[in-house]
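Here come two complexes built around chain A, the first alongside chain B, the second alongside chain C.
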Partner chain A sequence: MAFSWKTAGITYLKYTQICARAVRNALKEEQRLIAQKRDEQGIKYAKWENGKQGELKPIVPQQHS
Partner chain B sequence: MNFLFRTVRTASAAFRIKACTSVRYYANEAPAGLSDRLRLSFALPHQTIYANAEVQQVNIASTAGDMGILANHVPSIEQLKPGIVEILENPTTIKRYFASGGFAMINPNSSLDINAIEAFPLEDFSLEAIRTNLAEAQRIASTASTEEEKAEARIEVEVYEALQSALSK
Partner chain C sequence: MFTLRAIRPVVVNTTQSIGYQNRNYATLKEIQLRLKSINSIAKITKSMKMIASTKMTRAQKAMEIARVFGTTQTGLFTYADTKPTEGGNTLVITVSSDRGLCGGIHSSVSKRSKKFIEENPSSQIIVLGDKAKGQLQRTVRENIKLSFNQIGRSIPTYNEASSIADTILKEKIDFDQAAIIYNYFISVISYEAKIIPAFSVSTFAKSGNFDSYEVEDDVLEHLQEFAFANSIYWGLVEGHAAEMASKRSAMENATKNAGEIIEKLTMTYNRGRQAAITNELVDIITGASAL
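Let's look at the complex of A and B:
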């Protein structure tokens, strides 16, 4: 049972992510609101050209298949 | 041919003797003269809980089973299950954290590094939230349409069950 998620194609990183999310959701209201801000993380990037910042674009995470 | 066979035999006998001398024994056989205190570093991506602090013993839930770590433990790397990390700072002060999973590295110099994604003191958890989330995860585990959704829900069920048993102790 311990590693049954591996056969379903879930990677270790995804597994720890699910565990961490479950732990955050089990907290008392006060701590949960602080912790849940860590759940969503994103990256934005911009290309700099001639000393000027280009358009700021968010990187959309690829859907895990 | 016979000669060749003999050389191989001698070589393998020599190897066996060499292998025997490098066998490793239990932790109490480790070289003396090291510190008799365990030094613990317990870190999360967003917080340091212990930074090279001297403690007496640490109990972890590894995927290979529950284990207690004292000073001069055999070096090892253990994967943590979602479960309790129990820190005996001294015989009277015991701190219990629930960690979501990570790794514990037991180093040869009596230092222990634990990394986890999330870890909270047990009193930060709400039994009510655990119960509702567990019921929801169990429902998804049995009704979800794809195998991946089911697997995700089963992981959550495992985490909430571990939390429940941790809080009931």
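Let's look at the complex of A and C:
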């Protein structure tokens, strides 16, 4: 089994997300509009160090690293 | 309460009359104002309850689906007989959300997390949701490694869960086993903080019945990522359902309490009004008979 995307530094979860997005984009108009709502994410995260909260950064949905 | 209010300086004073009556009118006016505000509060809590009810039914449906993800997930670890590594790194993931006004749902998970940390003082914490963050940073802020917010606005999606899982793994937070602490939805009126176990690749590879599975090394890492996302997804969705249910009952209680206060206030208001009228009548009659 070869995981070509693995060598490109894409994790399994990223890979499935990209696939899911491709499927969503390939849907018919009506279904696509509903499905694409699930694609949006506004989650932000912050790193903590020694009990101090760092900067809030959004989880960039599809950052092809 | 009313005596206190009565002492306060009278603001509305247009007519020239004796002090006693003045005070009486002022309190009546104040009661009226209070009644008005409590009425609008009751309206707001009632509509919030309605919103929470509809959201809850949707969240419950999503939860039924998410449970399948979760039970399959934990099922694998049970069959494989995976055990946490002794003395390994532990990670606590507290699942809550950003919104308040929903009863003790956030303190339930943060209390459980605090207890867990007491047992494993070296464990690292990841907090999902602002409310639990606020509660945990007071006591165990040294252990917090990552915090996420903007969670739980609507039903959490798998996409979000996998992004969270991916970020956690990307940030290179080392752990041998993780405990995902979430609110388990028991029924519409009750929930309980529970733990979903999650394991790292090395811990899983050491599990008792690992030999009965045939795996290639690469796949194992993917399985671990997938399992991690699954568990987080389950925690998020289940927590969301519990939160909505708790919000519904909290709002229901608030509406009920507001109704009680309204009833009491209306009673005192009417009584005061009648007393004032009687007083005036007495004044007029005595005045008339004195003529």
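By our rule, the second predicted complex is superposed on the first by the 41 of 65 C-alpha atoms of A that agree within 3 Å, B and C clash if a C-alpha of one lies under 4 Å from a C-alpha of the other, contacts with A are read in each partner's own complex, and residues count from 1 in each chain.
Throughout what follows, a residue touches a chain if its C-beta (ideal position, glycine included) is under 8 Å from a C-beta of that chain, and two chains touch if they have at least 3 such contacts.
The shown structure was predicted, so the numbers you read here are calculated from the model rather than taken from an experiment.
Of the two partner chains placed around the shared chain by superposition, chain B is the only one that A:Gly9 touches, whereas chain C remains out of contact.
Once chain A of one complex is fitted onto chain A of the other, the partner contacts of A:Ile59 are limited to chain C, with no touch recorded for chain B.
In the superposed model, A:Lys28 lies in contact with chain B only, and not with chain C. In the superposition on chain A, A:Ala20 makes contact with both chain B and chain C. Contact with both chain B and chain C is seen for A:Arg38 once the two complexes are overlaid on the shared chain. Contacts of A:Asn50 after superposition on the shared chain: chain C is touched, whereas chain B is not. Residues 1, 16-17, 20, 38 of chain A touch chain B in one complex and chain C in the other. By the touch rule above, chain C contacts chain A in their complex via residues 137, 141-142, 144-151, 153, 157, 159-160, 162-167, 169-171, 216, 218-219, 221-222, 225-226, 229.
Chain contact summary for the complex, chain B toward chain A: residues 45-46, 63, 81-82, 98, 100-102, 117-118, 120, 124-126, 129-130, 133, 137, 147-148, 150-152, 154-156, 158-160, 163.
Of all residues in chain A, only 1, 3, 6, 11-14, 16-17, 20, 38-39, 41-48, 50-51, 53, 56, 59, 61 touch chain C in the complex they form. Residues 1-2, 4-5, 7-10, 15-20, 22-29, 31-32, 35, 38, 64 of chain A are the ones touching chain B in the complex.
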